[in-house]
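Dropping the structures in below, format is structure tokens.
Okay, so subunit A shows up in both of these, paired with subunit B first and subunit C after.
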Partner chain A sequence: MDLRIRDLTKEFGDFKAVDHFSYDLRCGVYGLLGVNGAGKTTLMRMLTTLMKPTSGQIIWDGEDIFAMDGRYRNLLGYLPQDFGYYPDFSIYDYLMYIAALKGIRPAVAKQRVKELLKQVGLVKARYKKMKTLSGGMKRRAGIAQAMLNDPKILILDEPTAGLDPSERIRFRNLISELSEDRIVLLSTHIVSDIEYIAGDILLMKDGCLSVSGTAEELINSMPEPVWSCTVPKSRIDACLKAYKVANVKTIPVGAELRIVSRGRPTEDAVRVVPTLEDVFLCYFGERTGDSDGTV
Partner chain B sequence: MVRYELKKVFGCVGGKIALVLYIAVLALSCWLSSTGALNAEVKWVNEQGKSEYGPAAVRKLREAQTEWEGWVDQDKLGRVIQENQRINATPEAKSDIVQQSEIAYSWKQGFAPIRKILNESYSNGFREYDYYTADRITAIDEDTFYANREKLVKNWLYDETDGAYFKYSESEKQYIIEQYKELQTPFYFTYYEGWHQLLENAGYIPSLGILILCFLLAGIFSNEFKWKADAVYFSTLCGRNKATSAKIKAGFLLVTVLYWGAMLIYSLFTLCYLGFEGASCVIQWQFWKSIYNLNMWQAWMLALISGYIGNLFLSFLTMWISAKTKSTVFAVTTPFILIFLPSFLEGMANWLDKILSLMPSHLLEFYQNLGSFNILTIFGKVFRTLDVSIPLYLTLSVILIPMMYLEYHRKRA
Partner chain C sequence: MKALFRFDVICDESKIQKTIAVSKEAFLSEESEQTVSHIEFLYQQCKFIKKRWWLMQGLLLAFVCFLINNSETDFTVRRILGLTGPLFVILIYPEIWKNRSYDALEIECTTFYTLRSIYAARLTLFAWVDMALLSAFYTVATLLSRVTLWEMLTQFMLPFNVTCCICFRTLYSKRINSQALSLLLCVLWAGAWSVLVLNDAVFRAISVPAWVSLLAASVFFMGYTLYRGQRKWQTIMEVKPLWI
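Here is the complex of A and B:
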């Protein structure tokens, strides 16, 4: 059971959204990390056959997924970033309809829907209309639909976007529960979403795979160390402009900064143990939207 | 899957309102046919010259006209003329007081339809109608009565001062005359108010109903994109094949069930209320000049089929546009244009009129078009437009099915 991505490229005119991306996925949870616009969604849409690549191949157990057509989609569970639903359907109707789309016989579907509603904690709300649900409940209904066919490949595109912290934790745990015996590819730009549940993490930048590995491997292979230092208020701005600053904590005498930098930023700076967030900042610091490099 | 597609259509408030509106159109059609409010009122004028309405009036009218039932031959025509003359000689008929005139009219109700076609047959010109023509006839000949129809149309077609002379080619003129010759005479008369009203008001359900149907169906494909449900839909096993077929089936089922259901209720209501008699009467009782030689029953069957094909075509077209453009608004606008545009453009040019006569809107008001002279010459052969448009739009409807499927099948999120 392996999904091989080979030299995958998707071009929109002159713009390369995905640029010669190659990676092999086997059983387990994979976190796809990247800033907005890194090409995560385009990659996932190709993995779900919604979009054809300009070049390259995606191979499932030795067969091209586009040639497999329906057979491949039968193995697939997908929760898109912009998860749409039928506003006037109840959760139960929605899941039964998606089960029909997935070719599941009604009798089997009923049983499966019942199990999944229990698993995602929506039993009591099953007859509520989709349009009346909270963001978290909609996402849970979304993961339930993705799981209906017990997929071998589960693709979750920014599944925690817009959720409050408790919903995000709940969702993370749910994904962890569902990840047995399948490939789960989860894209996000929120580091904590995948820090604890992903086996391998893929950092994507400008359509390319920048680096990959376990959280530990990524932390250990960080090209720049992480520092902690205290600076007076007057120097905060200068530091923000000069370094990739992971954190600013205001204290009475100034601010305590967490900085990712090749060199020691201040004389009193001490090295600290890096985290995955520091890795993210190290690779994507310049692309976080602020010219000063803060996250 | 079809059930869920229908649930998507009717689950929202708009869908429910549209269904209520469709029922309202049905109710309006039933009311119009039972009262004749927009054409000839269904009424009985009593001995006091007062109008009566309702089931009792229908019963009295039926009884009065049943007395005149039979072949409209020399004998029947003579009796009608004689009776008409007798009534005209009464003080009530000569009176200028409206109520007195109404009393005189009440005695003519039994043979009023025969009197009407006497006016048609003996009119001074093909395009003229004088209500009092029959009152001026004192003696009649059966042969002249029916032959006048053909004579008048010939005069009209070959009158160089009339537009028809230039409008129709020689072969088209001959075709019209041939249709006139083929009409079986003498006519049979019986009470036919049920069929008359049924046919007169038959256009409302297909014409107004299709706007509602198109509104319901406009989102059947495009709403997947509007609701952003397309990504999940197309990434499933059946999203690009069976589910797309289910959408087409749901559309077909929706049009078929609503149209035939409404027309069945409308037919039964009208005929049960006004009577089933008169199915074998020719439509010339209402459309004296018609080039279609049909009886009421045949006209009704064709009106049903024609309306259905018109509804089916416009619904499928709406669905195809919905699949093609992913736009509900664009999809719902197109049928409106196709239905209403001809009425704005008609009469601008002869060639344009011929094209417009083939527009699907003519299928929706089939009965009204039986009275028109829309004919076409295709590869040297002359056709009545309704003979062309029914198979044409049936074929186009069938062609739209794979077009819809392929269009949506190709779509990706």
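Here is the complex of A and C:
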């Protein structure tokens, strides 16, 4: 059970949204991390056969997914970033409708919908209309529709965007529960979402795969160390311009800064243990000012 | 002798329940191996279509029957038929455009039965119901001796076909993703058609072969639009991301 992405490129005119992307996915949870416009959604759209690549291949167990057609889509569960639904449908009707599109026979669909509603905690709300649901409930209905055919490949595009912290935690736990024995690819720009659940993390920048590995591997392979230092208020702006600042905490004497930098930013700066957020900042972060580096 | 054939049936409730559970499981396991057939898919799609739009279409035709029965001249009948054609299509617009209006395509394009099958099934159902409604309408209108087949074809079916062409062409377009814009084009067409049929001089100037050609062209273009749409449905999703 493997999904191989080979030299995948998608061009829109002169713009390369995905640029020679290659990676092999096997059972487990993969986190696709990148800033907005990095090409995550375009990559996912190709993996879901919504878009054909300009060049390159996506291969499932030795077969091109576009040649597999319906057989591949039978293995697929997909939750788009802003998924559309029919507002007048109840959750139950919506799930039965998607089950019909997935070619699931009615008797099996009823059973599966019942199980999934229980799993996502929507049994009591099953006859509520989709338009009346909260953001979190809609997402849970969304994940239930993606799971209807018990997919081998589950693709979730920014599933936690716009959710409050408790709903995000609940959703993360749900994804963890559902990730057994399948490939789960989860895209987000919220680092903490994948820190806890993703086995491998793929950092994407300008359509390319920048770096990949487990959270630990990414942290250990960080090319720049992380520093903590205290600076007076008058120097905060200068620091923000000169360095990649992960955090600014205001204290009575000035501010405590968390800085990702090759060199020691100030005399009293001490090295601290990096986190995945620091990795994200290291690869994607830009200084807010010009790059002369002087403070 | 009687005693020889006497036996007691002992029912063990738990065993019966176990048998039922195993049977259910076996049935579901067998069912899960199979996918829904095309006919079943068509039936399921029918269940999810809002029937109120068909009712509205039926009511419109009933009202038109009433109007043409009370109209005094052929000119008025022609005018009514010309306006009814586009309106008849416009009434089913929300249901035809539902998938795009609610942005449901992204999920619907990644399922076993894709958007192509969904559109094919839904348009087939709309065609069947419309055919039944229009047949009934024509029968009643003929019984009222107010509409001939020729008038039905040129005054009703021609504008109806052109409105369908606009609807389908925009429905499968990747650039036009707006039901409102598509409707506006239909309304503009209905307006242009009304101007044409309201002008008796222009109307009379159009010869029979010209009417036949227009009708044939509209049928051909409607077929072509559907064929092209069903072949190239995937281009709807080939939209350049907003940030590029």
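Assorted remarks:
Going forward, the second predicted complex is superposed on the first by the 286 of 295 C-alpha atoms of A that agree within 3 Å, B and C clash if a C-alpha of one lies under 4 Å from a C-alpha of the other, contacts with A are read in each partner's own complex, and residues count from 1 in each chain.
The rule we apply is simple: contacts are C-beta pairs under 8 Å (C-beta built on N, C-alpha and C of every residue); 3 or more make two chains touch, one makes a residue touch a chain.
Keep in mind it's a predicted model, so treat the numbers as computed, not measured.
After superposition onto subunit A, the modelled positions of subunit B and subunit C overlap sterically.
In the superposition on chain A, A:Gln145 makes contact with both subunit B and subunit C.
Look at A:Met51: by the touch rule set out above, it reaches both subunit B and subunit C. Of the two partner chains, neither subunit B nor subunit C is touched by A:Asp64. With both complexes superposed, C is the one of subunit B and subunit C in contact with more subunit A residues.
By the touch criterion defined above, A:Ala17 reaches subunit C but does not reach subunit B.
Of the two partner chains placed by the overlay, subunit B and subunit C both lie in contact with A:Asp82. Once the two complexes are overlaid on the shared chain, A:Asp164 sits clear of subunit B and of subunit C alike. Legend: residue contacts after superposition of the two complexes on their common chain; A:Lys102 is shown touching both subunit B and subunit C. By the document's definition of touching, neither partner reaches A:Glu177: not subunit B, not subunit C. In the superposed pair of complexes, A:Gln111 makes contact with subunit C only, with no contact to subunit B.
45, 48-51, 70, 73-74, 76, 78, 80, 82-87, 93, 97-98, 100-103, 145, 149 are the residues of subunit A that lie in the contact sets of both subunit B and subunit C, per the superposition on chain A. Residue ranges of subunit A in contact with subunit B, taken from their complex: 45, 48-51, 70, 73-74, 76, 78-80, 82-89, 93, 96-98, 100-103, 145-146, 149. By the touch rule above, subunit C contacts subunit A in their complex via residues 27-28, 31-32, 34-36, 40-41, 44-45, 48, 98, 102-114, 118, 234, 237-238, 240-241, 243-244. Touching subunit C in their complex are the following residues of subunit A: 12-13, 15, 17, 36-37, 41-42, 45, 48-52, 70, 73-74, 76, 78, 80, 82-87, 93, 97-98, 100-108, 111, 145, 149. Per the touch definition, subunit B reaches subunit A in the complex via residues 1, 4, 7-8, 11-12, 224, 227-243, 412-413.
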